[in-house]
Amino acid sequence: MKKHYIIFAGLVMVGILYPQMFPGYLSVAITLLLYAGWATAWDILGGWAGQVSLGHASFVGLGAYFVAVGTAHHEIAPWWSILMALVAAAMLAYLWGRLTFKLKGPYFTLSTIAIAEIFRLIAINEGWLTGGATGVFIMTLPEPFGLDLFSRQVNYYLALAFAAITVLVVMLISCSKFGYQLRAVREDEDSAMASGINPTTVKLKAFMLSGALTALGGGIYAIFLSFIEPHIIFYLLLSVQIALTAIIGGRGTIWGPCVGALLIVGSGEIFRTTFAEANMLIYGLLIMVVVIFMPRGIVGEPARYLIRRVYAKRAQG
Amino acid sequence: MPSALKADGITVSFGGVVAVNDVSLDVEQGKILGLIGPNGAGKTTLFNALTGFVTPQAGRIYLHGNEITRLPPYMRTRVGIGRTFQTERPFEELTLLENVLVAAFLKEPKRKKAEQLAMDVLEKVGLADRYDQPALDLNLARRRRLELAKALAVQPSVLFLDEMMAGLNPPALKEMIEFVRRLTDQNLTIVMVEHIMEAIIELSDHVIVMANGSVITEGLPRDVIEDPRVITAYLGED
Amino acid sequence: MFDYVSFLQNLSNGVLIGGVYALIGVGLTLVFGVMKIINFAHGDFVILGMYCAVLLNSLLGWDPYLSLLVAMPLGFVAGALLQRLVLSRLMEAPPESSLLVTLGLALVIGNILLLTFGAEPKSVNVSYASSTVSLGEVSFSMILLLAGLATMVVIAGLYTVLNHTELGRAIRATADNRLGAELVGINTRWIEAVVFGIGMALAVTAGVVLIPLLFATPTFSGAIFTLKAFVVTVLGGLGNIGAAIAGGLLLGVVEVMGASYLTSDYRDAYGLLVFLLILLLRPEGLFGKTVKRV
């Protein structure tokens, strides 16, 4: 575990210094950090608790809309609206989970798509609440401590903070009682119950935490874009991107989702000119290769191989 | 001795088929109850009703005098029931220590203490030297012992063992019997479903024989296996 | 005063469009019944069919229905190959693996279409696009009528194959009890390839039938059709073909009725709501048996 904290500290250092080294590439880095954070947050539910959701765009949308509508229509400072979004997201996740956690495996996944689609339709059609299909512009933002929240630099540090908080939360969970309860529920619910664990409660907690963290990223995303529209922010493909980033990197691992984000955002940059708008092609190809050849993901598969090998060696000698 | 586990008139049916029909039992603290019967007799269903994994249509269950009939499985574990599964279910992605740790957290929420408890239990079942091995690669005898360790780590007062002996080779069987016997020295009450007669005879204080969902006879192990009704139930009428 | 004419008009439109939904749903449910996998790329197969008709129309001036001659066999072969080369590798994998791989496949298909045809919506103009047939005061759009007719023919054909041929018997046996089918000498791996081929051919057919009616867009509409196919199959019960047909008709009617009597803004939501309700209220009943392991 100690080595994870050392890696974490090192990465945060690099993250802090990055804008000084590559001031011209801030937008890519912001995208990378947001996806790393979202995928890590998704993984609390999808990887550690084993409930694959394809509806997490709802939480991005919730966070983004609270911030955008809050500043544009009600003059609420973004930090207050993000706080409200966190509470709202946790409540939404609670109700959502209560409703759907009796569904198993693929059926749970299908229900998340349906619910997220309904939210998208609400965001498009209920203009009085959301600004409708045209979306919402953020024209003015307060300047806490004289910081310009529109500047790329500030956006970057917000995204860095988001990614770091999310990874830190997962690191803390991974060796806690809750972390083991999550893994037990993922592996075998009956066996977990025989150990005194209530699977529904554990999954609900995971969903609430996952949803709230995702909404936090959504709020920062809104500030970064300063213009949000429901077609993008509530879109099924965003849910798919978040989930696939984590799965490709490695479900239920600390660094898998971050590696997934690096790989996907990175290759997206490299192939941007080649594939133009067909950037999801990379996701499609990668997820097929990963699920077929390395089902535990790019980080998970070698890690597991190493552990088993080390043990086999020790057993012999 | 006071009653540890008591069941009154347990009846379970699945879509009109009665799997367990009006079964009652009473186990004293520190004793071992053996549950035997031919395949399809309803032993496992009764077992699951007692541990909460199946809801009985009628009857009441008491643990140390407190009714637990309506409690879900995880609540029963919290009030003192431990169980193993017939087909062992280790958390395959976790190491042995982590497997037991999951259960140990129930009584010891602090990681350090829980780890100590888990290690003690692994020591007890003889798996301590493999504590950091992934559970996926275990052989059958060790999987059984891990299953037992998980059940013991919740520190139960009544332990349910579901066919722990099946498929073990003679030395492993002897070891397991010895181990289970030692458990009752610590005042643990045990209910076991078993096909291996050797284990039933050596361990049980009391045996219940089931066939077609009902109790056909019960008593001391030696008396029960010589009962002609039991022989008929196992071998058929003619 | 209740307007019977417009009610009947809506009902007939709902039933006809529902027939096409049924065609999409039947393919999905057949694949699920035999292979127990959830095919997320099914909607993109529909889109492939649409683009096949678009391509043949723009190159050779073919009528969409003529292009079925090419699209159906091509869909069958492509489906069978996909099953043999990709999906057969997932037999032992956890249940959501097939969902993820077919999701990947959906993204690949959509984005390759995007690279090939561009993002702007495409359609095929047919001479009978605006002609109608009247029955009393209710008028039927020619395109919808043809679509409904084609659906009936294809489903009747499928029914005949499944119930009156040796191949159909083998497919039903495999869906019923895989091991049992293998024991009596059925090559279930081959059956799976055939079934996935049939599923894809049905989806492609639905796409061709829909092209005079709808625009084809490469990446967006695939997911919508997949969702509709799921709605259809869940309405009826996964793995049950007769029920999928009923589910398709029901979805068509619910959508058209909801759009005209409630609000058309939520046209796509009505089906999803029904989908959720059924999933939540009757999951076992509609998805077949979920056996509780103890």
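A, B and C label the chains in the order they appear, each numbered from 1.
Criterion: a residue touches a chain if its C-beta (ideal position, glycine included) is under 8 Å from a C-beta of that chain, and two chains touch if they have at least 3 such contacts.
Model, not experiment: these values are computed from the prediction.
Colleague: Hey, which chain is the most central one here, using CA centres?
Modeller: Taking the mean of C-alpha atoms per chain, the most central one is A.
Colleague: Taking each chain's centre as the mean of its CA atoms, which one is most distant from chain C?
Modeller: B
Colleague: Measuring centre to centre with CA averages, how many angstrom lie between chain A and chain C?
Modeller: From the centre of chain A to the centre of chain C is 32 Å.
Colleague: Could you please state the distance in Å, as a whole number, between where the Cα atoms of chain A are centred and where those of chain B are centred?
Modeller: From the centre of chain A to the centre of chain B is 42 Å.
Colleague: Roughly how many whole angstrom separate the Cα centroids of chain B and chain C?
Modeller: 49
Colleague: Among the residues of chain C, which ones contact at least 2 other chains?
Modeller: Where chain C meets two or more other chains at a single residue, that happens at 294.
Colleague: Counting only residues that touch at least two other chains, what does the list for chain B look like?
Modeller: Residues 53, 85.
Colleague: Two-or-more-chain contact residues of chain A, please, as numbers and ranges.
Modeller: In chain A, the residues touching two or more other chains are 190.
Colleague: If you look only at chain A, which of its residues touch chain C in the complex?
Modeller: 52, 99-100, 102-107, 109-111, 113-115, 117-118, 121, 124-125, 190, 236-237, 240, 244, 247, 275-281, 283-288, 291-292, 295
Colleague: Please name which positions on chain B make contact with chain A in the complex.
Modeller: Its residues touching chain A are 51-53, 72-75, 77-78, 82-83, 85, 89-94, 98, 101-103, 105-106, 109, 111, 114, 132-134, 136-137, 150-151, 153-154.
Colleague: Considering only the defined contacts, which chain A positions touch chain B in the complex?
Modeller: On the chain A side, the touching residues are 175-177, 180-181, 183-184, 187-188, 190-199, 252, 304, 307-308, 311-312, 315.
Colleague: Give every residue of chain C touching chain A within the complex, in rising order.
Modeller: Going by the criterion above, the answer is residues 38, 86, 89-90, 93-97, 99-101, 103-108, 110-112, 114-115, 119, 219, 223, 227, 230, 234, 263, 265-266, 268-269, 272-273, 275-276, 279-280, 283, 287, 290, 293-294.
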